[in-house]
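Chain naming follows the written order as A, B, C and D, and within any one chain the residues start at number 1.
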Amino acid sequence: MIVVLKQGTQDEKQSQLIDWFKDMGLGVHISTGAYQTVLGLIGDTTKVDTDLIESLDIVESVKRVTETFKCCNRKFHPDDTIISVGDVKIGGGNFALIAGPCSVENEEQIVYVAKAVKEAGANLLRGGAFKPRTSPYDFQGLKGEGIELLKIARKETGLPIVTEIMSVSDLPLFEDIDVLQVGARNMQNFDLLKELGRTGKPILLKRGLANTLKELLMSAEYIMASGNENVILCERGIRTYSDYLRNTLDLAAVPMLHELSHLPVIVDPSHATGIARMVSPMAMAATACGCDGLIIEVHNDPPHALCDGAQSLRPEEYAELVRKVEAIRGVI
Amino acid sequence: MIVVLKQGTQDEKQSQLIDWFKDMGLGVHISTGAYQTVLGLIGDTTKVDTDLIESLDIVESVKRVTETFKCCNRKFHPDDTIISVGDVKIGGGNFALIAGPCSVENEEQIVYVAKAVKEAGANLLRGGAFKPRTSPYDFQGLKGEGIELLKIARKETGLPIVTEIMSVSDLPLFEDIDVLQVGARNMQNFDLLKELGRTGKPILLKRGLANTLKELLMSAEYIMASGNENVILCERGIRTYSDYLRNTLDLAAVPMLHELSHLPVIVDPSHATGIARMVSPMAMAATACGCDGLIIEVHNDPPHALCDGAQSLRPEEYAELVRKVEAIRGVI
Amino acid sequence: MIVVLKQGTQDEKQSQLIDWFKDMGLGVHISTGAYQTVLGLIGDTTKVDTDLIESLDIVESVKRVTETFKCCNRKFHPDDTIISVGDVKIGGGNFALIAGPCSVENEEQIVYVAKAVKEAGANLLRGGAFKPRTSPYDFQGLKGEGIELLKIARKETGLPIVTEIMSVSDLPLFEDIDVLQVGARNMQNFDLLKELGRTGKPILLKRGLANTLKELLMSAEYIMASGNENVILCERGIRTYSDYLRNTLDLAAVPMLHELSHLPVIVDPSHATGIARMVSPMAMAATACGCDGLIIEVHNDPPHALCDGAQSLRPEEYAELVRKVEAIRGVI
Amino acid sequence: MIVVLKQGTQDEKQSQLIDWFKDMGLGVHISTGAYQTVLGLIGDTTKVDTDLIESLDIVESVKRVTETFKCCNRKFHPDDTIISVGDVKIGGGNFALIAGPCSVENEEQIVYVAKAVKEAGANLLRGGAFKPRTSPYDFQGLKGEGIELLKIARKETGLPIVTEIMSVSDLPLFEDIDVLQVGARNMQNFDLLKELGRTGKPILLKRGLANTLKELLMSAEYIMASGNENVILCERGIRTYSDYLRNTLDLAAVPMLHELSHLPVIVDPSHATGIARMVSPMAMAATACGCDGLIIEVHNDPPHALCDGAQSLRPEEYAELVRKVEAIRGVI
């Protein structure tokens, strides 16, 4: 950690600060320039509070040179993590094709879609039972009933289930779920993360709308530090000034997260774009830059259904996309 | 609600859509132009899912003309809400001066600061017992013990207490707390909001780092729809590309929220800026544009304390700020 | 155009507004709801100033239903535009591989790199002669001399030249240049755009750091309305809160621009990421979502050169990338 | 400047880099830690290209500890700059009240408004003759004719004139103008900045929509390095995800710019908010946090004029605002 002191700092204050660092068990390397003095802190600085240091009167700026994330840091774990969900493997060259409807609506629907996505090539089934909605007046999901319907679909198809958990108090309902998803709004719900760390189950952790990659990795760290190493990271679009799509899909996060961490990284082009006809091009782009999987909304397609055009693909569109994704994987 | 159809939409699909709206009990007003057809939906559109409509193949765009928030909407409640916390009133011309340390550290500290801020003019005491931290390795607060220390400080000074709650499971510990704060990271922790709606206690709801004003009001709506009308909104800075301060304080949110809602609006210049010397100018600016209160970090000032310079003001700096704030309030 | 009036608007003010629209030659369709009155404007609304209308006391909001861009609008020109630069074609299935150094440094360098990128598969040569720099103290490019060196490299290789123009007054120097590039900072330098519209030359128009797709298209419109239809759009990353790379590459802009406009769309992964090892994955992603070309920095590689590792690729890395890009193009 | 090398950097490459720095005349201070080696560069690092260094293979990160702006840096010029425009002074406790219409429309209008704002307390007149518009089809201003009308209004009232220049080629028309404004879109039109640096005239430099404070100061540096020290900085709102107003007014920029630079800082609440009823609260907030002036749109108010309600205030509203602004100035 490097601490730059302000021009004209009094010797006494500087000495106090240096002593304080030494009391924390750190070595301090002092480098005096024409305009500034720079302190290099040597040792375990992970417990040093950067914000606190930065706010001191005599400090101009602070810079960490070692990251605070450890469990998920590729430096300390060079090989890709491979996560097993039943027979399905994710990461290290294994690709997750997660598909299913936005919300579980009824048995007929979820079983129909599960069979359709399986046939199209999916190896995991997704479906929302608990739905985080901006408005308290919007549909909040079938909750426990939805969980039961997902299990029926799993029994019919053999596909492991991915579904979102919103609250610690719902955990007992998720005992038999294969992958627990943490939504973007809950990425920094630290109590939830800690509890999930105690389950040992694979966790699909979505990046928050305005969170940095470091913050995403620190949230993974909450889960891993509680004892659960099965974390899958998910880029799903960030919030920017750009207003032509719901979010801005930040695909460079894929190679960057692979550089920083050994955890698998998947992409959600459905929520990132919010428009069905943008899902395929962005899914292909995500594959081309090396992601370890795709989570995509696919909806049933009975005749006359009004919501055909939603951000969800129809099963035949998804099948076509899977073919292209596999072709791109063959190339890279 | 206005739905603009795409150029060249088939009559049959258009009729299906119109019938679907009518089945929802809505009136539909059709206006045919040279390039587009526009549908005006009349009736209770609060339950219509804008995202779903927008994603239909035949739809170009959708625009709500009535807001989905009701309980907190000034249109339906023109007078300012005034929230009572013991003898203190907030809103409708009553100003909240909330001050105290970032974290409760020990009895001596919190009692010392509580007395100091009271003398400086504060009418509520803040202090963190549960601390949301980006890193699992950072100090997470004294938790239950911190709550008890806050109560001691209240007993010594008579100041009502404001402190943050992070999880539904901690609610029993907050039974005797005066104002429950929801932090920016939990603004869309909907399960927490619903539970707080059942408490009837004043809730200080902070705007999330990347949330719109509409989303902030919808989160207030979660609390109010569960039966608790005592919500105080708080602007605390948003995340933008601008990197010279921790966040960008969006002060225009103050007059805008006052226009949209009858709830009181306070401002947190300490977290917004992260630098003590920026707190006073921004607190004065917030007062000048009409906020209903300020929540400010104030720290004890024993000799040789290293963290003096943090984003916290010293008690004498806070007292000086209160004088200026009162002077500005006298002017506007 | 749809104008939503505020609740409780006086009939007299409403009539004044309607008369004003009628004076502009527009038809007005009035639809009265429980809470609002909605006016639908019919006719040529391209000259109506949305900002002005939106700011009227009695107006709640305004929404355009037809776009203001015409020349570049796919609705009025369904086929892809194909731009010819000498024998090279761009758009409509023709792929531009533009490569070269950030700055032209000297004859040896530019000729060396030009030959290297040609051999690697590039069909156009880029190189900066006029350099926009944030600081007046940074190197501003070789200017006129750089232009002459580019022409030498063109003569040696046959590759057409792409280089940036920053000012109308430099136009005479660019008479013999094949493609004139407008940088991100000049995307809304309207006087420059108008002049470039009069040249008839192919223009490579980069998206500004914080500009919307509509604004990009309106800037293309400035060039096209002045008589020059040869515009190539370029996504090069936008500025967001995200800080791990220089910019956030907004790849969904590629399919979206293709939907809105008939102009070719290329991508610059070098400036978007600023890190050489991120260039290849993002170039492949851009190709997979359908872009019409890539502009990439490639630098010479004499032994011991220190700047090898910059955002520039080495020629052999570029050759490897071209192979992968062609493979992906074969798949999609 | 501090350069952090990557873990595992070869000694040979490290030596090459160090020699290269030494060749640039810099001292290099080497500090070797457990995971990284840190180089401290001592000497004149203003010409070192941070981006280049950061992109080297062996470099993890780079941090400047001294700013690259000099002429406008408060460190080298501790006293406030006071800019004289005729008898009016701006900065160092002198407040600029700049007001007038968005566009100059005709003689009657501009003279009427000039007299009205003078009576209301304004000491400078603003009015747009050259108008930067997103669309080529929108009104582009009266240009030269508008300039002449502004001079007439100046003659009638004695108020100095502030108006926007968009292009170097228009400079001759501005010879008799008192303050030349550079708009947000041209903040990094470096050729224009350099030319303005040669005029010696007061320049009102607006912050670009997505520019950092450092970039704003570097643009001021372009003007000052060309010999013109009369630069007034202007905060006018930035572009963020927040969509309820046209821009997000970043008022903390006022105290921050005052800390970094000795130049006067004014605020434009009209363009920042785009809504007349938000102008007064934000103008008062700007005053309360210490700005050196306000530039505000004021429009004539003949009976029945439709555009009353625009982002422009009416003269009587402006007079009322001036009274409040003066009262706040009395307090702070």
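To be clear about the criterion, a contact is a pair of C-beta atoms (placed from the backbone, for glycine too) under 8 Å apart; a residue touches a chain by one contact, two chains touch by 3 or more.
Every value quoted in this text rests on a predicted model; they were computed, and no experiment measured them.
Minimum number of contact steps separating subunit B from subunit C: 1.
Taking the options A-C, B-D or A-D in turn, the interface that duplicates B-C in more than half of its contact pairs by residue number is A-D. Chain centres here are Cα averages; for subunit A and subunit D they lie 39 Å apart. Distance between chain centres (mean CA atoms), subunit A to subunit C: 31 Å. Note on chain placement: the centre of subunit A and the centre of subunit B lie 26 Å apart, centres being C-alpha means.
Counting only residues that touch two or more partner chains, subunit B has 210, 239-241, 243. Chain-to-chain contact here is organised exhaustively, every possible pair of chains being in touch. Contacts from subunit D toward subunit C in the complex involve residues 16-17, 20, 46-47, 49, 51-52, 54-59, 68-69, 132-139, 166-169, 185-186, 188-191, 194, 208-210, 215, 218, 221-222, 225-226, 239, 246, 274-276, 304, 306-311. Only residues 210, 212-214, 238, 240-245, 248-256, 259, 272-273, 277-278, 281-282, 284-290, 324, 327-328, 330-332 of subunit D touch subunit B when the two sit together in their complex. Listing the residues of subunit B that touch subunit C in their complex gives 2, 4, 7, 29, 31, 33-36, 38, 40, 42, 60-61, 63, 65-66, 75, 210, 239-241, 243.
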